[in-house]
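Read through the structures below before going on.
Same chain, two partners: subunit A is paired with subunit B first, then with subunit C.
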Partner chain A sequence: MALSPFGSRSPAVTVASPNSALRLKAAAAAPQNASASTSTIIRSDPNPERELAEQLNDDIRRKYVKGKKLGEGTYAIVYLGNYRDDPSSLVAIKKIKVNAEYKDGLTMDAIREVKYLQELSHRNIIALHDVFSSKDQNLNLVLEFLPGGDLEMLIKDGDIHYGAADIKAWMGMLARGVWFCHENFVLHRDIKPNNLLIGADGEVKLADFGLARSFADPYLNMTHQVITRWYRPPELLFGARQYSGAVDVWSMGMVFAELLLRVPLLAGMSDLDQITKICEAFGTPTEENWPGVTQLPNYVTDKVVPLQGRDFFLRQFPTAGPVGADLLMSMCVLDPRKRATALQVLQHRWWTTEPRPTNNEDLPRKSGTKKMGDDLARVGGETDEGLFKNAARQLDFGGKK
Partner chain B sequence: MIEDDFYRASSQYRLWSYTETSLRSIRNATNQIASDRVRAALRRAREQHLSSTTSAAVESQSEGATEEKNIECLTPDEELVLVRYYCEKTVELGETYRPPLPTNVRATAIQYLRRFYLTNSPMTYHPKSIMACALFVATKTDNHYMSLRQFAEGIPGDTTPEDVITPEFLLMQGLRFTFDVRHPFRGLEGGVMELSAIAQGQGAAAPHLPHHTSDSLKRGILSLAPPPVACASIHDRIGRAHSATRELLKSAAQMTDAYFLYTPSQIWLAALLVADRPLAEFYLDTKLGGPLDSTNVGADASSHLQNPLYELRTKLSKVLMDCAALLQSYTPLSSDPAQMKSLKRIAKKLYHCQNPEKVNLKRDVAAPRLNPAVDSATPMSESETERLVKKRKTESQQIQQEGHSVFGPELVPDRTKH
Partner chain C sequence: MAANYWASTQRRHWLFTREKLAEVRDRLRDQDKASHSQFPLPDQRLLNIYFNQQLIKLGKRMSTRQQAIATAQVYLKRFYTKNEIRQTNPYLVLTTAFYLACKMEECPQHIRFVAGEARGLYPEFITPDVAKLGECEFALISEMSSQLIVHHPYRTLSELQNELALSSDEVALAWSVINDHYLTDLPLLHPPHIIAVMAIIVAVVFKPSHPGNFGNSAQSALAGVMRDGGGMGMLAALSDKSGSGPPRIQNLVQWLAESEVDIKAVIECTQELLSLYEVWEQYNEKHCKELIGRMVRTKNLDK
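Let's turn to the complex of A and B:
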């Protein structure tokens, strides 16, 4: 490299629009004038030290103002924030902490969450408005602000009374969110009450996509170490490596039952105990009711409990009414191939049977800003109690044939 | 909601779809910014040098001004050739793993590189240092997880895990934190399944074309004009078309601007057209009817009047022909001596216009946490500049000794000439 010294001449830099994204668009829109518009971009660069990609990032970062901390977990800190040009418009900013123990770059939870939320735009899925990096190379997710806490909080709060119409409203919103994921070939794989957040208008939003993945191509394996144990379907407990949206439907069924009972339906102490509890509740999976089940890697049987019929669900869940009990039963079928799909759930008669679902503005609610902070700061599979901290953490990330 | 709506909600459509003209202007803008910054950085490097050798300052001032004019930066087209070369190398790198990395992962990595270099220039960040990272990130985003250590060990040469991971954040920022890439592979598999079903007499009529039956569809596929290569049976024909299309999707579709300009289904249909045109036209006929629909031809001279989708079909044909032409325009760099020659010229040019302030990624772009002591804003010192020159010499000697590596033969054999 030649290093002949020479005198400095300051470049002709003038400052115009600070918004490089707009300028980029302008450049794209005026192709016949490309040389002129590109020179505008350079001349107007307020910070000539920045690449175009960095300028685009700065533009996004400047759109928001970070406020007080809402919650903090091992992997993330959640802040309240707002749009710079509209202070009344609130957002939650989730700053992903650098995981010092993880040397392989951005963690899988963060990658999954960002990847899927960037693609899924639906009323019942938490909205990801933007992603930007801050100076210290931390990832910041700008999420929809949901001050209503989560479903777990409502279930656990004895002072809150709710009925079948309220449950129908909540379940309807959950089912629409799950259907949308599946329609986009995405499995959520961690549906449970504290991942179902509530907006200021009462709308339920599916959150925490840290364990999500897209449907595998046929015959390719996935990991079975997903979904918090109480909400985990029998095929995953038996170690199935090929599965479908039916896993999320089972979790939805467990949430439905929990909303009705106000306690978790099947609170297993271990994976084995979870299988036992499923068998006791619904019956033992056998070749007869589930062809092929005995071939699954972790299939175990103890004593064979006969399959529960419709009367069991009617008796156990009187608040749901007979049609509601039917729907729940269709979500809790042991054989995933016979279990209802998210679409079938939405097409069920229960939604159009009395009582009508409660309107959002009349739903029981409570303020849960702090709860949102905690929920978002958590990562997939982690619970408040730390009970399952390791269950879903031990992912082997599938894919190995 | 129809499928098109789902696609329009995707980040691939929202952020990464362009027209040919908008694509060109973005590349021009990126190139312009990078060129100006390269010139400024080289000037700073010289000023640094100047301040340490003050005695020579006055007389060399005019000399310096001339020198600045002589810095020739890459053109947007040259940058594109260089990026394409490293995309081809990405395929080869994926092949070196045991088992080889899946096609999807490699294709995602290539699209990451292509997207990254829309707003970043190879003059700023050499593709050589970004490529391995793009492939590693693709293993994470496409569910083919392996540890960084394991990944780095699979790279021929002495690439360290740190070399691979250092540009990760930079890459992700260039990707605007969108990781999902919609590929045409799955669509092709679906189309082939449908064609096979038709050949077996199990085809179903499309909703708009109720006059089709399984039998009429089967007769249709059996009476098609012959394929480009003679086939023993219709199943043989579908099989050949399948693999020829897949090859195009793995190569031409990745190395051209196809993903920026067309949707995944347009891409695989266009590739099928290239592979076996009568078969592809037939497939479209089963969906949209059209001028070539054999059940319509002859019934009425103006058969398109009977097909309400005629206009759509005609429009689609035009798009597919354009996309097919783009796919056919591709020849691999490595198999084309003329292109290789021009690539070597570009690589040599890049050697002179590489931004000296971004050469050391670990120092210049790594997260502060990886490198807390260094302030990346500090201009390069003279000793640093000289160190860099030495390093380059050593590197080029090393590479010459190593001969053919996975990154290909050395592009500029006599880098140290001047």
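Let's turn to the complex of A and C:
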């Protein structure tokens, strides 16, 4: 099955080498008879156009050399790769295992990832260079190679020391990536430290678009079973079916807090426990502080904890400084309508307050390539079951590293 | 709709000029002249009408959104700019386009369910083997270079509804006109906002005197009015900025003049729609079905 590169997506790969053009001509002029295409929909006599399309796909495939395996999940394997004509430029090749015999079609994860990464191109979003199909009829995504691990690694590694300026740099990159998604009407819906990968130059990139979707049309429902629990906002825990970019902003707030504390701020053991922890930390959502909240399907309350004020954030997050605490507070507002938007986050005073964000090259970092494999392999890896009932990817507590 | 149309793969890779589209199709035909003479098929638009009806049938028992049907139609068009229809099993391709479009528009259906529905409708042409559908999905994605997001005119229509103070009848009619434009090549030729503006103009200018339910298509409501010299009247109205028409139309013309929307393109779209409605009168479902059936059976495309 051929993938015809109807123009390529990445500026880095748009130029067809003269070599491939020649091969194309040859293919068009003298179609080899080796058409092994056993496609069911396109059959009958071998025809030059198909040969041509296959040839083009082969050209994309040949552009890359697949190297060692970086990681494997249930539905994807990630390999290290490089451009054939430039062995020093590395890529990650994510091979989506089309489940044997195509029994279930492509998973929503794979579809979503391809769908959004094809259209979104931004410095803080992982780049999709190419898509090609391999001989065994698997979809291969050629992704930007990000050897710097992810934010979760940095947070957990006790040997790494970082400060407010570093956090500001990382948060700035995260906020720009999220803003760009929202600006393009895309909700990411799975922001958490181990989906924030780090490039060789220290740049943070938003990865894993397996749960992403575009904003729904007004009044159309979306699933509330998204976002890993610890980063899930109260409206989703209460079962809201119509929500906005505010869900991603909450997750961003949780990442911010985790960067400051170096442990997850609200590590609930169950959805109910998560709600309890949110209430204990920030206060109980009530009709007063969040009009309409009691109407949400899964709204629960036991004792009412009063809403936390600014003092709480100042006390709890001294490293952020008073302005940083204000920003965090605006991201953790219970009522999604009053929560900051990604744009408001970017416009906050904190970014222009001392200290300045650390330059990329001076950010603390960790080397090693194994982690990206794991991160990407996990993508699309844990979600297939109950695809239509429950798209959420729950945290695996047992298997937590 | 997601992402930015102006930077989209739709605009960069799936927008053709009329000449380019004709060239692409000529090339496909030249490669397989034998099939073309052996298996004549009706006018592309008549085929599109037929395909659209099949998609609607498929979607009937599942709660499918109109937008998914629209996306499926665009997928079919894109696919058939790369592949000669006479070398495919159109029933399998359209079922797959439907299945993929549902996933894409966030109203996913299980593959077994879709395959089951399709098999119920076309027992002759769809094998019980679900894997075929999965395999075809893969082919479809590949042929479309994994560029899957389709921008539709519906959103522009809802956005302009308030600005242009459209009545609910006008919106409903414009909506139906948009549904109809998928039966033509327009989705491959013009950006969605042009289509939306065209639909609004048609709805406002040709609003039938007896408002009511236009159903899925505006054909029955509009064909007559537009044919009866209405088209000329409209072109005149558009070029006449001094304004002699009814105030409703004058306002629209005023808005158009200020909007910098490509009027020429809009007029071209209107003509395309007009000719669709003319061709539509020759539509004969049975005829389409027979021709496609004969082609698929004779060439064993269903195996």
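Note that in this section the second predicted complex is superposed on the first by the 322 of 401 C-alpha atoms of A that agree within 3 Å, B and C clash if a C-alpha of one lies under 4 Å from a C-alpha of the other, contacts with A are read in each partner's own complex, and residues count from 1 in each chain.
Note that a residue touches a chain if its C-beta (ideal position, glycine included) is under 8 Å from a C-beta of that chain, and two chains touch if they have at least 3 such contacts.
None of the values given here were measured: they were computed from a predicted structure.
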Item to complete: Could you say whether A:Pro306 touches subunit B, subunit C, both of them, or neither, answering first, second, both or neither?
Response: neither
Worksheet item: Looking at the overlay, what does A:Gly105 touch: subunit B (first), subunit C (second), both, or neither?
Response: both
Worksheet item: Who does A:Val114 touch here: subunit B (first), subunit C (second), both, or neither?
Response: both
Discussion item. Considering only the contact definition stated at the top, list the common interface residues of subunit A for subunit B and subunit C.
Written reply: 1-7, 9, 39, 41-42, 45, 48-49, 53, 57, 98, 103-106, 108, 111, 114-116, 118-121, 131, 133, 137, 139, 183-184, 213-214, 216-217, 222
Practice prompt. Within their complex, state which residues of subunit B touch subunit A.
Written response: 1, 6, 9-11, 18, 21-22, 24-26, 28-30, 32-34, 36-37, 40, 43, 45-47, 49-50, 53, 56-57, 60-65, 67-68, 99, 116, 119-121, 124, 136-137, 140-141, 143-145, 147-148, 161, 165, 168-170, 172-174, 176-180, 186, 189, 352, 356, 367-369, 377, 385, 388-389, 392, 418
Worksheet item: Okay, in this complex, where on subunit A does subunit B touch?
Response: 1-9, 11, 24, 27-31, 34-35, 37-39, 41-42, 45, 48-49, 51-54, 56-57, 98, 103-106, 108, 111, 114-116, 118-121, 131-133, 136-137, 139, 183-184, 213-214, 216-217, 222, 397-399, 401
Fill in: Partner subunit C, residues of subunit A touching it in the complex
1-7, 9, 39-45, 47-49, 53, 57, 98, 101-106, 108, 111, 114-116, 118-121, 131, 133, 137, 139, 183-186, 213-217, 222, 387-388
Worksheet entry | Residues of subunit C touching subunit A in the complex | 1-4, 7-9, 12-14, 27-28, 31-32, 35, 82-84, 87-89, 92-93, 99-100, 103-104, 106, 108, 110-111, 130-139, 141-149, 155, 299-301, 303
